[in-house]
Structures are given as C-alpha cells and as structure tokens.
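Data block below; observations after.
Going by the order they are written in, the chains are A, B, C, D and E; count residues from 1 in each one.
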Amino acid sequence: MSPGIRESLHDYRGENPGVLTNLARLLNHGKLAGTGRMIILPVDQGFEHGPGRSFAPNPAGYDPQYHFELAIEAGLNGYASLLGFLEAGAAEFAGQLPLILKLNSHDILHPEKDPLGAQTASVADALRLGCVGIGYTIYPGTEDRRIQYEQLRELTEEAKAAGLVVVVWAYPRGSGLSKEGETALDVIAYAAQIAAQMGAHIIKTKLPSAHLELPDAKKVYESLNIPRDNLKDRVKHVVQSAFNGKRIVIFSGGAKEDDEALFADARGIRDGGGFGSIIGRNSFQRDKKSALVLLDKLIKIYNSPVGTA
Amino acid sequence: MSPGIRESLHDYRGENPGVLTNLARLLNHGKLAGTGRMIILPVDQGFEHGPGRSFAPNPAGYDPQYHFELAIEAGLNGYASLLGFLEAGAAEFAGQLPLILKLNSHDILHPEKDPLGAQTASVADALRLGCVGIGYTIYPGTEDRRIQYEQLRELTEEAKAAGLVVVVWAYPRGSGLSKEGETALDVIAYAAQIAAQMGAHIIKTKLPSAHLELPDAKKVYESLNIPRDNLKDRVKHVVQSAFNGKRIVIFSGGAKEDDEALFADARGIRDGGGFGSIIGRNSFQRDKKSALVLLDKLIKIYNSPVGTA
Amino acid sequence: MSPGIRESLHDYRGENPGVLTNLARLLNHGKLAGTGRMIILPVDQGFEHGPGRSFAPNPAGYDPQYHFELAIEAGLNGYASLLGFLEAGAAEFAGQLPLILKLNSHDILHPEKDPLGAQTASVADALRLGCVGIGYTIYPGTEDRRIQYEQLRELTEEAKAAGLVVVVWAYPRGSGLSKEGETALDVIAYAAQIAAQMGAHIIKTKLPSAHLELPDAKKVYESLNIPRDNLKDRVKHVVQSAFNGKRIVIFSGGAKEDDEALFADARGIRDGGGFGSIIGRNSFQRDKKSALVLLDKLIKIYNSPVGTA
Amino acid sequence: MSPGIRESLHDYRGENPGVLTNLARLLNHGKLAGTGRMIILPVDQGFEHGPGRSFAPNPAGYDPQYHFELAIEAGLNGYASLLGFLEAGAAEFAGQLPLILKLNSHDILHPEKDPLGAQTASVADALRLGCVGIGYTIYPGTEDRRIQYEQLRELTEEAKAAGLVVVVWAYPRGSGLSKEGETALDVIAYAAQIAAQMGAHIIKTKLPSAHLELPDAKKVYESLNIPRDNLKDRVKHVVQSAFNGKRIVIFSGGAKEDDEALFADARGIRDGGGFGSIIGRNSFQRDKKSALVLLDKLIKIYNSPVGTA
Amino acid sequence: MSPGIRESLHDYRGENPGVLTNLARLLNHGKLAGTGRMIILPVDQGFEHGPGRSFAPNPAGYDPQYHFELAIEAGLNGYASLLGFLEAGAAEFAGQLPLILKLNSHDILHPEKDPLGAQTASVADALRLGCVGIGYTIYPGTEDRRIQYEQLRELTEEAKAAGLVVVVWAYPRGSGLSKEGETALDVIAYAAQIAAQMGAHIIKTKLPSAHLELPDAKKVYESLNIPRDNLKDRVKHVVQSAFNGKRIVIFSGGAKEDDEALFADARGIRDGGGFGSIIGRNSFQRDKKSALVLLDKLIKIYNSPVGTA
C-alpha cells in the first residue's frame, strides 16, 4: 500500500474493514492508483437533464456500455451512475472498474424553486451489482432539505453496515440562496461540512467563487481575512472545512468548458489540497478518442507535484 | 431459443435467472413468439375512465373472462390488468397466458391538474396470481412525481428479487408540461430514459409528435438536426433514449383510432426499431371477431421485415 | 351446497380456501341461506352521526347486545359493526352470527368538503373477534381518495391472506362531484368498478338515480342508449359494472324511509340482478318487533322469483 | 370478587385475561375497591400547562414522588401520569398503586386552533414501568383528529395484546366546535361513543352542559325530549352513549373549583350512573392534608347509595 | 462511589443498569468526577452555523481531533458532537472520554421562522462509536414541535433499551414565542419540564431571564411572588421544574461572552442548584492554552461550595 493510500485510510479508521476495503479499491484503481487522488466518471445527466440534451452531442453515450468502456480505457478510479445504466453493464464489466450507484435522482420536467429529487435505487441494489459505494445528492439551501438529510442518513447507516463507501454530492441550491450564493465560498464550505458531519467518506461539490453569501459568515471571513482571491485558496478553505483535509473532497467541472479552463481548475484543485475531479459532460459529450486525450492530461496534472503546470 | 430472444435476454444479463425466465415467457408466447417483438392487451380503463365509458361499446368487456379469451385467441404475448380483473380469471386461465399485474391506478372522479394515482395491488398479489410481471404508471411532469418514483423503486426492488418482470407505463403529464408537450419528442424520450434508469425491463410510452417542449433540449435537437419529421425517426430516437435499444420499448395506441392509422403506427414502430404495441381500447371496444382481425393484421406487420407494408 | 352458493363461490375461485369458507359462511347463514342473496345489518351510525341521533329513536340500540339479537332473530346473513360494538358482544354471541368488522370510521364533528375517515380497527382485531370478514368505506370523488385506496389495499392483502372476506362500502362523495352526482348512475357504476378492481368480494353501494355526472361518460351512455329510467335497469348496470355480476353487489337503504319505498327498492334490486341489501337505520331505529316484521318482508321479497311482488 | 367488580368485568368478557386482570387490579384497589366505582389522580399538567402554573400553588407537586404518595395515602384507585413522572417513582412505589401511563401530550407554547399533541411514550414503556394501563387523549372536533384516532388505534391494539387497560381521554375541542359546544351534551355523548367504539375500556370525559351543538342532533334531542336539565340526567345520557353503561365512564373536574361544587358534581355523576372521577388540579394544587380531606369526602360520596348526600 | 454520584443515580433508579452505568461514567469522569456536577464540550456549530463562522477564529477547530484533545486535557466530563466529528476520532481516542452523539442537526441555509432540523445519526451509530449517550434538540414554541417530540420519543425508547443516556437540548424557539420569550423564565422552566416528562436523563437549556411570556403563567408567578430577580433564583426555579432537582439540568453559555460573565453565570448555576455547564464556542473559539485556563477556572467554581466566588 502506497503512503498516499495509507494516510487516507488512516483518517477513516473509525470505519469497519468493509468500508476501508472498498475505499482502498477506489483509491488503488486506475492511473491515479496509490496517489490518494482520484478522477471519477459520473453519468446521471440522462435523468437530470434528459437523454437528447445529454447524449446527442456524442450518440455513443446513449449506450450504457460506452461509459464503462470510457472509464476503463481512461484509467479512471471509478464510474458513478444510476440503477438502469449500471444494471445494463455490471455483469459484462464485472470486476473491471469500481462502481458507485447513485441512489437519488431529479428530473426537470416540472418547474420548481427547490429541487428535491427521489430515491431511485437502494443499498441492496448497490450490493447485488457489485458496487464499492453509493452516491446521494443533497441540496443545502432548499426548503425540504430535511427530507434529503434524513433519507441520506438512513442510506448511510445501511451502506456503512454493508461495507460500502458513501459519496455525497453536496450541491447548494434552492430558495434559501441567491443564484450567486450557490457557489459562494462560505456556502460551498458549509455544504462540505454538512456532508462530512453526516458521515460522507467522499464529498463532491462545486468549485467555489470568491462571493460570500451569509451575512454572519461574511463578517467573520472578512474580519479574519480568510484568503479567497484565487482558486487554490478557495479549494484550500473547502478542504479545511471538510475536517481539515481528513475527508476526501473532489470537485465537479459543471457544464461543458474550454479544455484549458478545465486544466487550470485541476491545477487549482491539486494545489489547494483537493483530492480530484468528477468529470461528466466534459468527457462523455465528445468522441472517445478526444475524451481519452483530455482525461489523460487531467490525470497527468494530478500526478504532478503541487505548483507545476 | 430464437436469435431474437437470445439477443433480447443478453441485454438483461445483469438480472437474476428468475427475471430472465419470466421475460423469456413473455417473449416466447403467442404469434410473435421468438421475434423479440410483442403485443400486449392492457385493460385498466374501467378504473381509469369508468366502466360504462370503457365497456359499454362492447359489453362483453364488462366480464373479466372476456379479456383473457381475447388475448389468448389473438395470440398476444400477454395481458396486463388490475387486481380485480386478474383475480377473477387467473385460476380459470392458469398457465394459458403471461399476465402482468398493474400495481397502481388512477380514477377521474376528482378534477386535478396533476394525476397521482394510488397503489392498488402488490408484488405479493402478482406472485399469488401467477403473473410474469408487474406494471406501474409514472407521470413525469407532475408535481408529485417523487411519490410515484419512490413507490415504483420499492416495488421494482421487490419484484426483481422475486424474479418478476417490471413494466413501466411512462406517460408524461401534469402541470409541468403543455398539452402538446405531453407527447413532445424530447419529453417522450425523457420519460423513456427515466423509466430505463429506474430499472424498467419493458417501457410503455406514447407515440411522440415532432414537437419539442423543453427550451434547453430544443436547442440541442435543432442544432444537431436530430431527425423528427416522420414517425419512424421519432420512434428511433425514443428507442435510442432507452439505452440505445437495450431496453424493450412498446407504444400505446391511445384513444380509439382508425384502423389504417393503427397499421401505419405499427409500421412506424417496427421500422424505427420499436418492440411492439400495447393495444387496449382499439381491441376490446369492438366485437371479438373484428378485434381478432385487427390484432392479426398488427401481428403480421410486426412479423414482416422492416420497410414492408 | 345449493346451486346459488356454488355459482357464487365459483366466481371467486381465484381466492384461497379460507376466503371461500368465510364467504360460504355468510351466504349459508340465516333465512336467505343458499339463495346467493343476502341482507346484512350494519351499525356504524353511532360513530358516523353520533349516538343520540342514531339510537335515541329506539334506545335499545344504545346497547351493543341489541344488534346481535336483532340480526340473529331476524335471520339475517350477518352483522357489520365497529370494534367497540363487536368487542362488547362477540364473546356472548360467539358462533351464532357471521360478523364483519368495519375497519375505518368517520365522524362529523368537524365540517369538511371531503370526508376521509380514519382506520379504527385492524385485520388482527377481526381475527381475534371471530369475524368472517372486514369492511372498509371508500369515498370516490374526494381529493384524498388515494389515502383511502392505499389503506384499503394494505388491509385487503392482509385480510385475504388470513382468509377473511373483504366488503367495501363504495360511497361516491366529495368535492369532485355535485350533490346529485353522488348517486348518479355513471358514478355509482364507477365506484362499484373501483371496489371490484381493488379486490372487494362484496360491494356495498347506494341505489343510483338516472342522473349522469361525468360529461365523457354521459356522451357514451346517451349515444348507446343505456337504459336507466327504472331502478331495475340501473341496478342491472351497476351489477354489470361489477364484473358482469361476478362480484356480489348489495345496496344500502340510506336514511329512514317509508316501508313501501323500501320494498319497492328491494324488488328493483332483486329484479336487476342485485344480491341484496344492507339495512341499518331502517331496522334498528324502530322497536324490535316492528323491525322483525320489516326484515321478514324484505327476506320474502328476496326469496321470491324475479318480477314478483 | 365483589358483585360490582364481577358485573363490570362481565361487560368486558370479549377481552383477554390479561386485560381483565389489570382492570380488576384497578377496580379492586383503594377505598373504592369492589364498588365498581373509581377515582383516579391524573398529573399531566406540567406538560399541558407548564410546571409553574401547575405546581407553584403547592410546590410539593414539583416532585414526582409527591403524587404517588398522595394517591396512595388517599386510597385512590390509580395514578395516571407521563413518562418522566412515572419513571421517577415507579421503582420506589412498585406494586403499591395501579399506574396508567399517558402516551400522548400537548403543550401550549405555540398558539393553534386545533390541538393535536404528540406521542410521548409507548406501550413498551408502560410494560417496563409495571403499569396496569395506558392513557391517550383524543380531541374530537379538530381537523386532524384522524391522526389521533389512527395513533390511538395502533396503541390500543398493542396494549390489549399485552394485557393492558386502555383509558381514553375524550375531550371535544377544535375548530369544528363552538366554545360552548366543547361541553355540549350531544358532543360529549358523541365523544364518549367514539372512544367506546374505538375499544376504550375506560372513558374519561368532561361533565356536559345542557347545550346542544350539532343541528341534526339537536332536532332529535328536542323532538324526543331527551332530559338534560340536571347533571344527573346528562351524566345518564353520556353513560348510555357509552354502550348503555357497559363501558366505564369517569368525569374530570376541570379547573380548580369550589369544593361544594365538586361534591355536587360527584353526586350527579354517581346518581346518573357514572363510574367516578378523575381529580387532578383540585387535589394536587392544595397541600396534602387538605387534599386528603377532599378526596376522602369524594370517596364517601361514591361509597354512598344513589340519591344520598 | 462518591455520595454525590450515589444520590444522582438514586434519582434514576427506574432505569436499567445499562443506563445507570453510562450515567455513572459521565459523572465519574474528569476533574468534576464524583461531585454530581458536570461540564460538557459540545461541538455542533459547524452544522448549525457553518464551518468558517465556527472554526476560523481558532482554525485548529476545523480538525475533529482537536475537540477530543481539548475535552480530555481540560478534564471535562464528556464531549458531545455530530456523527462525522465523532467517527473521525472515536477510534483514536477510544475509552479516553465519554462521548455523546447528537442525533439531530439544523443548518441555516434556508430562512425559516420555525426551525425543525433533521435526524442525522442513529442510536446504532452511538453504540458502534462507543458513546455513553445520545443528544437531541427540541424547539418548544415551533409549529412542528410534534415531529421533534415524536422523533425524540422513538430515539429515547431505543437508546434506553440499549443502556444509553439521553441528553435533551431543550431550546425554546419559534413563531409561538416572542424573541424575549425564548429565554423567559416560565418558558425555560416549561421546556425543562417537557424534556423531563419525555424521559430525558440530562437536560440542557439556556439561562433564563426574568421575563415572563405566557399570560396565564405570568399571573401565577406574580401572584405567588416566585423570586426571579437574580440568576440563582431563576436557576433554582428551572431545576425545581425538572422534577424538583431529580433530573440533571445543565446550562449553555450561548454566544461568545466576556469571561467574567461566564464565571458569574457558573456561580449562579452552582448556587441555584444547577448541575453544570455546556461550554462550546466560549472554549473552542480561542486557542487551546487560554481555553484550558478558562475551563479550569470554571471547574474550580463548580468544585467550590455554594455561595463562594
């Protein structure tokens, strides 16, 4: 076991050996194996945004097998998707890639100010499909977050008892926040803290802006001069907010971006002490060949020392 | 086992042998046995629209035995109905026809903008009645779809563990959609994707129009020139949206139609790669003799090569 | 076993022997034993309307024993009541009369446009009290009918597994219907269909008027000239709507009526193919002696051939 | 066993021996043992009204032991209180006094037109504390009474299966009733009927006034000249409404009253066929010595023949 | 066992030996061991107020290990925190400090007049982490307090059966109260009574002001001249309201305060018969060295006789 992995597992030693084993599987897989860093392919956009909008730009993505192949060929640490997509490939690709089953989903077929989503799969599903972990999205800032937190709590308890890793998508949204507030530094840090306090092993959140949203927090950040001008410092604050770096925090790329911007983001994540990326639309919405080039470049960034290009 | 069946079952090899067995029973029954295509008789209109409106045009349909006989004599793949109708015939016709028990129902005795329905039967009921599968209707586009999705999820988990096939009626409706949007191409594709991601083995939906409803989807469809002018292309898009054809998608005829229109629909379904039809009111609201003529003609269309009349 | 019973049980042969046994007990009890017809005494008005209004006209009815005695002496098929009333007599009258435990109740101490009621007893209660079946009221036409349908579904599944008969009071009411619509022919037929599709063995509903409520149904009824001018034809339509007569449908008398009207109703029920009556207030709100005279007359009507006086 | 007890138990012979045993314990305890009558000390006001308002007039009442001692020394039949108060004394006074655990409670820290309360203890708690029964308050007349009735139903089923006595506090309140209506004769009788039909063994309600609240009931009461001018007749009507006296009905004193009024009430209860009193604030809000004098006087009234002073 | 502990345990002798054992562990730990008094370190502010606002003033607090170390080095009786924080240190510090797992949490990312919170951990979590007890916050004065009370009830029953101590944070808040009313003497006493009646072993509440909130209570307090001018008397009244001192009541310091004010508060708590303090932000928001000085001073106050400085 590499020192990177050993250190990471050390921070989780309150967990049972089953959880440690599956966490090790994720950290020891792919081209970033043993570095303590990770890139995960998430594909839930067919449910979240609709299939045409998600897969028409690269129609190979309509096929559930495609994403398994992409994640395997790119040497990613794991692949996170919904029940249907995993059921349609888990047998064929059994044992070739750590899988994470997303247990809740949300569609956009009804307008609403506060997204809530629905549980669409179970811990038992994750076990029968051979997954290493479960995923669950919370929307701090929504009126009904209580329903999400309580559902997450039950699933977390069940997953941990079964030795599964718990990955929480902590995405601030909803009527409690301004649009800018959804990525405000204080709010992203708050969301990461909530996920960590609820027992998440891995926290996925958005890259924060320098905006501060909550008046009482703003006063503290400004009076203490918490640095937030560059991405590296903001990532550092979020990682600190996840138990001083003792919980793995990875960041999502969001909508399709310019490649150079993606690389800059990855360097910022790396240099700020982040643990990696979740890259969905930016990888599966282009043809496989160029996706592999992109992902290889990102892996190289995460494999390079802090401060390098 | 015919190649058609073998290929279909191959796409479901993540499922347990019980599910594969019942799926094979459905695919291997009737005049379309072994083709990979299917026609199913659904009779839930007594609950959905009331008995007089549903059965008075052909009063034989008031009797639960009638529908068993119709499906058997027509050589259909299966018969889907509600608890009461199946209880009233399952013993007499035991083993003669694959049965699907619809687990939720909705009446129209109270006006509402967002239909929700109620669970009216259980997986245990399906097992004690000898069914090969369960059915469940979701209404993407309604405000309370979360309740439906979570109920479907629980029933799906239970059904699959018991080796039953899961058939999802994915019918976009509700206050989130315009009337035209209920059959919009992007919305029907979205509904099919949702059903597939939730683990449906067979998806029943409506034939889509060329309309596009969701602004963000519309932009993608138009910029990528996704063909949608003829039914065949639209069916193709829906089938693609159900895991690139790896999940069985069948289409409903809707209200009573002109026979020639029905035949044209069936050819479009067949030529677009659809797997068949669910034919309710168009078959049981006429006398049995003419229903058998109609169904035989439809079976012939599905038994004919792509592109033929 | 009489042919009448045998035929009735034949229509329920999808059910387990426990259910068939209890159904036979009901059909084989009292002065209508073996005819396939039944009269049941229901006493839930103490909860539904209050004790003074219900029992003061004949104060003997305050006492739970009275109703057991009335049903036994009159030679009725069974007695349906609430938990308290049955607990207070089930030991004393054990084995003398088939009992049906009503599992939900509704009071009128809070004004509301949509009655809902509450579950007030359980299947386990029915079993420990030696009942042959359970009763449950649904109000099709109310906004929250979903809650009722789902509660009924659970209780039905549990009751059938325990070999109990399921009797559904299908009473259209609520903000989805006009006052006249509550007894409209199409609506009563619809309610009977809903109860039957949900698995009811015996359906109790109101006698329908010639009114038609739902516009789409009205069109069908009128274009097909479904007869509805006399009670016999309307009863026939409701019985047809309950699986073409394969489910037992009985009718309630409603508020206290003129005796001759009651007799005319019974003849209409009999001649239209109905299976009998539920007679509550019309029997227990007069002294026992005259109640026995009334009930005997009703039994004679049901024991007489179709078309006689 | 005294004739009074034997008769009382006879009316409950549908219940299991466990329930009969605990009912006998209650009826056979204290100075009214064997009379069929009972006085119970209820102390839930600390939760219902707050501790200062309840106990400051006699600060000894802050201490949970005080109420055990008061009930024992006064020779009452039993003591009913909340989880905390019973936990704090049940070990010390084990076996010295029949205890009833109130399973729901309501505070007044948030204004509301329809009180609902919360379940604050369980049947399992009652068993581990050695209680003879459980208590539960319903508020007929509130919009959400359905929640209360269904919770009571579940607890009643569980309690009876464990051999516990079920005591229901039937207190009409809420937006469905006028203030005067909360103690109207027809409404109190209705509440007693509801409790009895739900399976209560003992019903506690308020003393009724001569007011009539529900228009349909009023018509019946007036046309039949149901006597309601004096307390005795009103008590008689309520007792009649609780299964013609086959269920034990006891009455609460309400707010602190003049002693002579309390004695007059007790005579009215006794003479009208009531089974006794629940005396809370009137006993524990004065010093113990004078409370014992008061309670002894009440016991003497209940031990005296009907019609005496 | 010291007399202080023995006396305390005596008041809980209705509980099982498991609860008594864990209560003794808490009372027998740290520098106040054996005195019957306690100081507990609570750290839930990362969830309740956000991580930056809570930990930036002393960034060592971002790290879960820091709080274990602080509580151990200061010689406190125990440490109460959330699932994530305890999971991240429970293995390393196993057996060194009594732990209390807070089972519900509330964030401030959505504005609301009535805080509710969500269950974020379970009794099973507390057991697997080696905790001596659970914590739960109720907000008397909120509209939905019923949900909280019922969740607390279930968790309390489960915790006690598992031998765990139940600590209730009783914090009056919500639309039922004025801002001043949240710390009114009558309201704080009421909240303490509610917690005690629900079975709490230890009650944590706020220090009360002399304000009286509820009109009916105010009348009683004023007419009986209940002393409330100084903190000692107010503490005395709250302790009295928690079963005349038979339940442990400790007080929270609230927002960061001047040290001398904290010491004065502690003397008031001690002299009024309170059992100790919960000190969160006042201890972990300064550097460890000065926190240890502060806590040592507070411990000395609690170790000193009533009335001393």
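Keep in mind that, in the parts below, a residue touches a chain if its C-beta (ideal position, glycine included) is under 8 Å from a C-beta of that chain, and two chains touch if they have at least 3 such contacts.
Everything quoted here is computed from the prediction, not taken from an experiment.
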Chain E and chain D - chains in contact with each: none
Superposition rotation for chain B onto chain D, Cα-based, multiple of 5°: 145
For chain B paired with chain C, centre-to-centre distance based on mean C-alpha positions, whole Å: 36
CA centroid of chain A to CA centroid of chain D, Å: 58
Of all residues in chain A, the ones touching two or more other chains: none
Graph class of chain-chain contacts, one of line, ring, star, complete, other: ring
List of chain D residues in touch with chain C within their complex: 11, 13-15, 140-143, 145-146, 149-150, 153, 157, 172, 174-177, 186-187, 189-194, 196-200, 214, 216-217, 220-221, 224, 226, 237, 240-241, 243-244, 246-247
Footprint of chain A on chain E - complex, ascending: 46-47, 49-53, 55-57, 59, 62-64, 82-92, 105, 107-112, 116-122, 124-125, 129
